[in-house]
Amino acid sequence: MSTIRPIRMSDLEDLYEMARSAGVGVTTLPADRELLRSRIERSVESFDRQIEPELASYLFALEETDAGRIVGVCGIDSRVGLDEVWYNYRLSNTVNSSRELGVHVQNPTLYLTNDMTNSSELCTLFLDEAWRGDGRGPLLSRSRFLFLADFAELFSEKIFAELRGVSDQEGRSPFWEALGRRFFNMDFYQADMLTGRGNKAFIAELMPKHPIYLALLGAEAQDVVGKVHENTRPALRMLEAEGFNFNGLLDIFDAGPVIEAFTHTIRAIRDSRERRVVLMSESGNEAAPPEHRVMVSNRRFEDFRVLAVAATRLTFDTLSLAAHEADALGVAPGDSVRLVGLKQATGPSDELSAGANHG
Amino acid sequence: MSTIRPIRMSDLEDLYEMARSAGVGVTTLPADRELLRSRIERSVESFDRQIEPELASYLFALEETDAGRIVGVCGIDSRVGLDEVWYNYRLSNTVNSSRELGVHVQNPTLYLTNDMTNSSELCTLFLDEAWRGDGRGPLLSRSRFLFLADFAELFSEKIFAELRGVSDQEGRSPFWEALGRRFFNMDFYQADMLTGRGNKAFIAELMPKHPIYLALLGAEAQDVVGKVHENTRPALRMLEAEGFNFNGLLDIFDAGPVIEAFTHTIRAIRDSRERRVVLMSESGNEAAPPEHRVMVSNRRFEDFRVLAVAATRLTFDTLSLAAHEADALGVAPGDSVRLVGLKQATGPSDELSAGANHG
Amino acid sequence: MWIVRPARLEDVPAIESLAEGQRARVSTLPRSADRLAEKVNLSMRSFNGTNAESEMARYLFVLEDISTSELLGTAGIDTCSGNGQPFYTYRRDELIHASHELAVTTRVEVLYLSHELTGQTLLCSFAIAEHLRQSPAFALLSRSRLLFIAQWAHLFTDKLIVELQGCQDDAGSSPFWDSLGRHFFDMEFATADTYSGILSKTFLAELMPSHPIYVTLLSDAARAALGRPHEAATRSAKLLEKEGFEWGRHLDIFDGGPTLEATAHDLEQPARYQYSASSKGSSAPSGQYLVANDSRDQFRCALTAATAADDESLELPAEAAAALAIKDGARLLVVDL
Amino acid sequence: MWIVRPARLEDVPAIESLAEGQRARVSTLPRSADRLAEKVNLSMRSFNGTNAESEMARYLFVLEDISTSELLGTAGIDTCSGNGQPFYTYRRDELIHASHELAVTTRVEVLYLSHELTGQTLLCSFAIAEHLRQSPAFALLSRSRLLFIAQWAHLFTDKLIVELQGCQDDAGSSPFWDSLGRHFFDMEFATADTYSGILSKTFLAELMPSHPIYVTLLSDAARAALGRPHEAATRSAKLLEKEGFEWGRHLDIFDGGPTLEATAHDLEQPARYQYSASSKGSSAPSGQYLVANDSRDQFRCALTAATAADDESLELPAEAAAALAIKDGARLLVVDL
């Protein structure tokens, strides 16, 4: 069974192995044991409320109970840019127009901003290659929204995710080559690692502060502005399906897009419903494809748990759980749970209204 | 009966009288007969498809059939900034932070942009004071969305509205006094009139091009950034209820907010439904408060019409119209119409699903 | 014999064909007879002192071979660069990007849009017949303006500037333009250059990029062209440098060509003599000099042999005196060639 | 008798109390004995020529009344403004906003962040006892540095700059700071001023507003303060102007105070004499002069009467010769007071 729960210090070795296998591109999960340890520590303190809410960073692990290990991790930072500076480029438009001469040119222009300061970030998402499939990806990524739905007061109104931009197999980013390298005199990889370690003063010192006309960066760099790395396309599609939009903010190094949503407009939050738990006698191992599953959270903070069950378990006001599922969630009959369709097409609100319409 | 229809040249005198009564604040409707005539002409050509679709400007009139005159007007420009330059300030954030010194200051910063270039604008909204109430405001303003719903291909994905910013009774704008006046050496009123007449070269010539730190403008100006004039608050609430959001763009003169929405997320579009017309024998004059009305469009382009009827006229797949209503809409039994709740709370999708649930 | 004198209306056709024969465009010489005639008219009013108060004086000189009456060159002085409108340049500056933590220091070159040179005395409109490029007539034409300025200093600002044509390839396109201006003006270099000569500056306000430009983002060819004069302007550059002009920080906004600057009162001042018609000296002519009369509207400058009769008087060949239209006792300004 | 000489370690306590007594803050005189001692140590290495290669030389002079051994003033020369880091100033410039259509032309003042003055010779650390402000000792202290520079020109850049303290009110707050810097630094002027003296420039890169500042948006008081020296610095300003310094376009980033600039080789050069110990002249001393010896580490400059024995030799009162630590035949640099 796949269960989402807060990460624990005992997950460190599993996490480190995942980071090692992830490779260079995933700078949100560097294969550095000390760094990973401190990230787990911060998450544990966050769930224990031993850290100021604005500085909290919540990491969720996907545990495979049968295998006895974690195979994925995802996170939310409650606020960015408060104990450091959070940079983005804002892709804006400058029109050069002269009616007298009949000239009208649009020149995309990049402004260095700190616009995401004080916003919440979907900060990490990684699922072990070997465990992809059977709905684990959607479960891992979207379970966070059930947490957001019940603890919205800990987060900003707007949630964002920075998606990895385009780079080739050697990790060479055309945008970096055209812009960053000319000011930083280092490889994209190095700059990215430095910021990944929280070292950002050098950006204030070396980054060009004046606006950048995109036309001066050349075609190869212009082509990748706001585009995601091909490995990141599934994540982009998933977040777009949840209601996230690209609104002009870019990563300053590789020009990958920042996508954002108001919390209340995220599908998995907007469409989520509450139900009361009832126990059922069946084993609960019925086959249901991911499209016909709902994910269910126990609505707890410290002991937050999510798992996915068949949508047929739903009635108008209850959710039926097998005994081992209720155990895994830590809920008892009569407890309130929050649930939403694992994927959009057959989300529970559609299921419900369809059920109601036909019933 | 209140009917929405494309404006006609014969409406010119009614429109001029409305503009005269509107006063200084409403620069989208200046009391200048020639200017109004040319705006009507452009709209007539737009509905006649005699103008390139990107340059089209559609004006809709609210006609009171009993009074035999128009009492309101609203409009959509299919694209702005293509035959002129469209300026906005983008309210962005600059963080000045030094970990060494423990300093962390957020400095809102204004960038002069042309970001709305090529977007569609809700460009005019005016309802005669004497005719306010009985749902005319919502009908006038929201009927446009039924037009958008059926002719989306003529408009951009994103629709925006520029709302009037704060000014006092003498038309003095604190933002203008702090910024514009120092560069233009004229009154807000003059600058606004010049741009209202399509005269924009002077902005390129006189406007400060470098970013502006808001902190330098003083408290009075800072306080009104992104705020609307109190007369505009109802319009703002209405558009927010339809799904429009403030996303950082401002009017360059008075710092009033630009609010924007993706077409498909606007409530009156997203929740609108199609029904077939059936005729009913009753007079159709049953009393229904605006909350219990739906607005209905005939889905035509040149002869676009909208009126509001009681929501009780709806069934699962039909809409009942009295003969004079069908006449006013120019529809016959079996014709398809598009409809949506006049106000959000009891929109037809809710009505329908509620009906289905209870039925 | 060559002389430099104020341009006249009848010079217009000759100026036109001269301008067309130039290897590099002279943007302040309009390529239209009507506009040229306007320019010459304004110049004549400027030399006469009859230009309207709102009209910034602009002087246009021509080089003539008086033996053949052939017009061989032009040179101008605008008393007020921009002529009442902003005079656009890029100001080349450097920011230092230093990271204490990473122990690196980079000098980052930036071009700022500037109007700083607006309203200064501008040497412009220099064109010379190709076959005279290597001759002393080149210096005569160019430097005669400085003699005029020395005599009529109150008509000019103390700061003198010259914009030299920037690098262009044979097809007349400019690597600096292609890397920068083209993105914003959406037209050929030559077109923009022409407009800048004939239109109000509104189109510059509308089309110029207003944010500072990082030089490192320009193409290699554009960076190489930055502040480098057109091959055809190197002789001018050398001459001006010798005269005391210095390379400034300002660049032409279209082709990135350099600006040279000087302070008039710091330049070497011409010697002043009286013309002595009667030959007293027995010595051979002592060398070649640039000699100008002290007239404003009848200004003449010639390259001639001359002999100082004493500290105050100068003897000239009769031909030169005729060319300068001077009589015995006339005051002269003289510099070594 | 007053002399100017290199600072020594034993001067530190006296410098400290002198700095505290100044009406205007001297930001390059740290208010900590340890840091002052470091500064004096570096100065001594600079005078000795034993500063490390990575260490930019910084000279600190003191004014002493040798009759009382009282320390009465300090003055410094940094050989490389910024001392290896960027030297921040605002460069004051104007853009012209002109509308052809509306027929208006406005000159818009803009402050650009600049590092242009980085690496120049900077006169700094000027402090003098209050009771000497109106005395000739003021000129002695200030100008002695120029004599040192004239003698040791190869140690300095040709461009010399001085930052004068900007306007502050009695409480030590600066209207320019209050209108601009405070929004970005979130601290008092005095705090920022102190940090700038003792920290690396990282905090400036982090906190300085990087976009150009429109002057019209500043408060009236800030605009009035722009480029105006502190009342306590007006005497310095006059002296420097007389010396040949000119008002530049650069302003202090904290208080908006002005920068004066000069080209060393354009300044009046001191006369050079040999010291003649034997009195030949019968004439009375011919006036007051600033006289300096030609030593680097034992530099002395005094204000004294002197008589030129001939074109090459200068007679001095015995007291002055002793104060300058010179023997017969020593070379001297001399300027009029």
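Observations on the structure shown:
When the chains are written out, they are named A, B, C and D in that same order, and each has its own residue count from 1.
The rule is simple: a residue touches a chain if its C-beta (ideal position, glycine included) is under 8 Å from a C-beta of that chain, and two chains touch if they have at least 3 such contacts.
Chains and their UniProt names: A, B, C, D = Arginine N-succinyltransferase.
Predicted, not measured: the structure shown is a model, and the values here were computed from it.
The chain with its Cα centre farthest from the Cα centre of chain A is C. In this structure, the chain pairs A-D and A-C differ in their number of contacting C-beta pairs, and the larger number is found at A-C. The distance from the centre of chain B to the centre of chain C, with each centre set as the mean of the Cα atoms, comes to 57 Å. Computed centre separation for the pair chain B/chain D is 63 angstrom, with centres defined by C-alpha atoms. Residues of chain B in contact with at least two other chains: 85, 94, 97, 104, 109, 201, 204-205, 210-211.
The set of chain D residues touching two or more other chains comprises 97-101, 202, 205-206, 211.
Listing the residues of chain D that touch chain A in their complex gives 202, 205-206, 210-211. Contacts from chain A toward chain C in the complex involve residues 94, 96-98, 100-101, 103-105, 107, 109, 178-179, 182-183, 185, 199, 201-202, 205-206, 208, 210-213, 215-217. For chain D in complex with chain B, the touching residues are 97-102, 104, 106, 108, 110, 179-180, 183-187, 195, 199, 202-203, 206-207, 209, 211-214, 216-218.
In the complex of the two chains, the chain A residues touching chain D come out as 85, 201, 204-205, 209-210.
Against chain B, the residues of chain A that register as touching in their complex are 81-86, 90, 92-95, 97, 99, 104, 106, 109, 111, 113-115, 117-118, 201, 204, 211, 245, 247-248, 262, 265, 353, 356-357.
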